[in-house]
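Okay, so subunit A shows up in both of these, paired with subunit B first and subunit C after.
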Partner chain A sequence: MRRTLGMWSLLLGAAAVLALPSASWAQLTTVDIQTRIGAESHIGNITGHAKDAALPYRRYCVGCHGPLGDGNGENAPYMQPPMYQQPRDFQLGIFKCRSTPTGTLPTDQDLFDAITRGFDRSNMPQWNTLSKQERADLVAWVKHFSPRWANEKPGTPITIPPEPEVTPERIKAGRDVFARVQCWKCHGVQGMANGPSASTLTDDLGRPIAAFNFTDGSRPKCGDTDQDIYRIFMTGLDGTPMPSFADNIKPDEAWDLVFYLRTFMAQKSREKEIAKGLGLKPVDPNAPVAQQ
Partner chain B sequence: MKNRYNSAVVLSLIVLVCCAALILGQKVSAAGEGKITGTVKLDGAAPHMRGIDMSKDPYCSKAHATDPAHLETYVTGANGGLANVVLYISDWSGPAQVTTAVPVFNQKNCMYTPHVLAMDVGETFKVETSDQTAHNIHPNPNPMTGNIPWNQSQPPGAPPVEKSWKAPEFIDVKCNIHPWMHGYFAVVKGPYATTDENGSYTINNVAPGSYTVTAWQEAAGTQAQKVTVAAGASATADFTFKAK
Partner chain C sequence: MHASSRFHLRNILQLATSFAAVALVLASIVLSSSQPAKALPAFARKYGLRCSACHESWPMLNYFGQKFKDNGYQLMNDRDAPIWQNPGYWPVVFRITPIWHRVSVGKVQVDTYTAGALDGGQAIKRISSSGFDLSGLDFHTAGTLEKNISFYLLPSSDPTGAFHFEQVFVRFDNIAHSPWLNFKLGRFELDNLLSEKRILTLTGNGGIYQTYHFIPQGDGNIFGQIGDNQLGIEYLGHSVDDRTRVSASLVSSSDGNVNLSTTANAYTGFFTASQAFDAGRLGVQRVGFYAMAGEASTYYLTSGGGVPIPGSGIGNKSFTREGFVGQFYAGPHIGLTVVTQHGSDNAWFGQGYGNAEATDGNGGTTCTAPIPNGCPPNNVPGTTLPVGSQSPSWNGATFEGHYIYSPQLIFIGRYEVEKMSQQANGSGYGVTTLGANGFTGPMPSNLGNISTYTIGFRYNPFMTSRAGLAWHNEYNWLHQDGTGPANLTTGALTNLNTSEILMGLDFDF
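Take a look at the complex of A and B:
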């Protein structure tokens, strides 16, 4: 009797695991993926070849990203959102960190930078210990998982004007942009990721995801230079709730916003000092937009 | 010599007449196009649509202070007519639909108007906002179809977003800032129509022939019927859905 019960529960457990809905659209097979093994990448004067990346991928990446590149590697279930996002599904060809507009493919350089930089607050480390050639080969390998590169060209990178000097006026103007486009809805009025909509955010596959907290000392996932921050809100992070603001923030205003965002961050900066001197108050979400 | 001129004149006349006949012929067939009309109903009582708590955004809750918002999975009108059902010709092989008006998807009072926006493959549509609160417009198609997801901010006073889709698909649209906001882009091939609040619809510009008309409802699924459209006439196809 006991034994049959055990068997039944085992069977039921197995059925439950099998019935778990797959959190993915893609259903590509090894055969289909193999047809794109000729994929290449171009990083400066280096040409990466997917066919040369099979071994490094198996050695360094497959544990999380999976043999089919769908992000279902054997370690993936242990990454629990929203604290830790699960690996990308490379078959979909949708990437957060791009220099290109929302809805377009990233450039080879974008993917190369992501591999090199890794992602803060995630299980993806920096891979700058690999040679540039190896990283370029891995970029080509990442591309060969998705049919998108066979049908589309990467988007045109957005133009980032030269960075102006930080002034008190610019920081105040940045606060106005922050209030106007309502970044605080998710990121909170002090950048603490506690806006009214922060608790219900989900990514494109329906998994919980956290807004970026500017104040806890962590670095933005797509890089922490001023240019990186500019790029993040002007291109949006595809696959996540973070939209592109390219249609609603002018290039010059975008720099003002970058400077204002810096005032939230834990790291010391000139922007922080100026804001302290100004005695800037957080925006008031309950006031009419003009008086925030 | 003169003879030759004559024959040239005759030849060019013949060419002209042929061209005119071709052009006129096309016009004749355009005038002969028929339409498909009908009514879509929901069998039995409409399921209860849960109310929406918009308290996390005071602008939204204020907009619905006197007229509480409800989910729009099933919207029924007089005599059980079912709104927001998309009707299209699933075996359409003709040219793309020529529309005069650009389909518009509006964000108003923190809801989508219309809840379901139908459009042809490749047809340009517009996303507008009437609200004094920030939205983000975030369609989530399956990238494997060729439709690529995008995500754009729509703060108060934002300019409209103009886009189109590459492949037929019923695409989920959401706003991450207001998680109750949920609608659809129904991308189909060829002529289409959406039912009004009484469940009635008319698909215009259908060339004479036999077709399969398909009705799509976001929760109840699809139903299909064969119809034959005669030149200049109106064919009827009624549907009845059961709430799931």
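Take a look at the complex of A and C:
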């Protein structure tokens, strides 16, 4: 009897040992990630805790971003670029919409704003229905996927000078900046995302990606205020071909460029009226840089 | 302790250890092979979001789902128009539920037999019946026709396959780029925050909200049921984050029946407003109110000896429903929704006038002869209210709590109470023969009062972007005062208890 029981225990033990790898096979990375479950975020006076976001993440996010935050959720295969962008891989710790210089981590507020605002032309909706606490918890949860936050601090947000008044001269100067830094190569001379390089663009993972079309009425991914647009080309969209122009454009010129880009947009604006009055023509990509 | 006892104890310990090991192995296998929750059909297929993103538990909407609905089934991400979808995308879901259920009715008047033959006697018996059964079939199809123009079409059948159009509408959203300007036209559910069409329970009495359908005993007003889909037009406005919502509907007082039914010339207004608040760790709380005010005909032109002519209703009388709604959360796991109602009908309705349909459910009438041979009472010229008639009024409340263990498992508990505050037949009611509302003399103050509770849980073992399945378990108990068969000796009204237990597989594809 005792021998039989011993045999049973042995067999069951062996079965358990054999079963464990299959159970833990998909969990190895999870274990690694779990070590960062204590991650926090700070949004104003709200402290977000990663450990409190497990249920909301499972409810709202996991279908696209996947249980490991690597962007391989069950629906990811159906999001084919460039029409739909693939879900963000949080493990890389690389984010497009930041207030911080290129190459640095975003602030908690940047991630919070991204969750709140969502991303146009993607399947990432606005999650402004969630409470601020839930969103802060989700920010902490997003951070806990990447070891970058354990080793680096977020960058210092760039300084955006006060917005100057729109003038015809500034719009013309913005056109010059548009030509000089060759925005048209991707965005096209009329902002229609049909520049000569547009069809060859890929993100850092080699996936096709479309340049932003200023004319079709859609909103820029990282916000549609003048400050947001200023921030986009001074910080760049990390992980995409859109670089930071912080070293190439002075702050004053950056405002000029914002005003010029507004002339492309479908929405009514003072910039559009002024450009119409000026009879402003698109840049000529074939002209020497000084005459474009 | 002698040796054999020690050996026995050791055996038990070893067996327990073995069982524990088996349990551990099984648990690890189950855990490693269990499927994650995935997206639900139609909208989930379109947007790639899990069903749990929009549903507390399918089909009940959560806050995000409510906003998605309020935006005209759009994420507002510039990819809402069908032009962005794969041409093969077909926004259709069907839903049906095979069930087993046991229904128990506490008191039924039955014939008695003696020596194998009817003896002319009657007895009061409890009847319990059980068996396998089917729900009706729903074909949901909904989505956008173009950006900011959406539709919903829901052909629905009863378990025998008899179809009708449960819901049909076209919606224009974000007119002038404003979330405050949205209109829809068709047959739709009124803007109830606690939606009966998205109810989590399935039993006969637990599958509806009693508060949404309560009608005093003998009352002929079927038109004030806020749980039924109605024909009309609705305005909806909401803030961008849906924290603030207002709506106003103008519907035909036909209880959703088509073909310009008998009461088609009367209209009802339904108004709602609500505000949500961010309560930190507790979550987003919402409070609001609704009000319904309408009229319905009590007098119909007739032909053929008293058969009502559809669309000929006149002699409109009024009714109102109003109440508060609260959606409260205590973190992501616990929710409580409260709906109250005060209802009042004109005294004519209380006397049984109003429902000339004797409905066939499609705007027609099954009535083929005037009362007392089948047709409902008609307030023809010269009709007078009996002395002591008064406007029936009542108060009701629904409390529905949820414990959400995970997006795949939800426990539900509901309590509803409906209490008459004034009966149609007052203390001086002078009719001693059977009145138009089927009662003689004054009504007991508690006649028709309802109290009911429902408990249950729904477990979704898996969900995919193509289909969903819930293992549904539910128990409902309902008590109503004075609606049982009359006491065979004294003739006094008796109370009625009914209960139902139901288990089913609620699936959709």
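Heads up, the rule we're going with is that the second predicted complex is superposed on the first by the 264 of 292 C-alpha atoms of A that agree within 3 Å, B and C clash if a C-alpha of one lies under 4 Å from a C-alpha of the other, contacts with A are read in each partner's own complex, and residues count from 1 in each chain.
The criterion applied here is as follows: a contact is a pair of C-beta atoms (placed from the backbone, for glycine too) under 8 Å apart; a residue touches a chain by one contact, two chains touch by 3 or more.
This is a predicted model, so every value here is computed, not measured.
If you count the residues of subunit A touched by subunit B and by subunit C, you find the higher number for C. Applying the stated contact rule after C-alpha superposition, one finds that A:Y60 touches subunit C and leaves subunit B untouched.
By the document's definition of touching, of the two partners only subunit C reaches A:E134; subunit B does not. Using the contact criterion defined above for the overlaid structures, shared-chain residue A:N151 touches subunit B, although it does not reach subunit C. Looking at the shared chain after the overlay, A:P125 reaches subunit C, while subunit B stays out of its contact range. Residue contacts after overlaying the shared chain place A:N194 against neither subunit B nor subunit C. Contacts of A:Q109 after superposition: neither subunit B nor subunit C is touched. Contacts of A:M242 after superposition on the shared chain: subunit B is touched, whereas subunit C is not. Of the two partner chains placed around the shared chain by superposition, subunit B is the only one that A:L92 touches, whereas subunit C remains out of contact. With the contact threshold set out at the top, residues 25-26 of subunit A are in contact with subunit B in one structure and with subunit C in the other. Residues of subunit A that touch subunit C in their complex: 1-2, 5, 8-9, 12-13, 15-16, 19-20, 22-23, 25-26, 46, 52, 55-56, 58-60, 62-64, 67, 74-75, 78-79, 83-84, 118-134, 218-219.
Within the complex formed with subunit A, the residues of subunit B that make contact are 56-58, 132-134, 136-138, 140, 142-144, 146, 148-156, 158-159, 161, 176-179.
Chain contact summary for the complex, subunit C toward subunit A: residues 10-11, 14-15, 17-18, 21-22, 24-25, 28-29, 31-32, 36-39, 47-50, 52-53, 63-64, 66-68, 75-79, 84, 240-242, 278-284, 332-333, 406-407, 464-465. Contacts from subunit A toward subunit B in the complex involve residues 25-27, 91-94, 102-104, 147-148, 151-152, 180-182, 185-186, 196-197, 200-202, 204, 236, 238-248, 286, 289.
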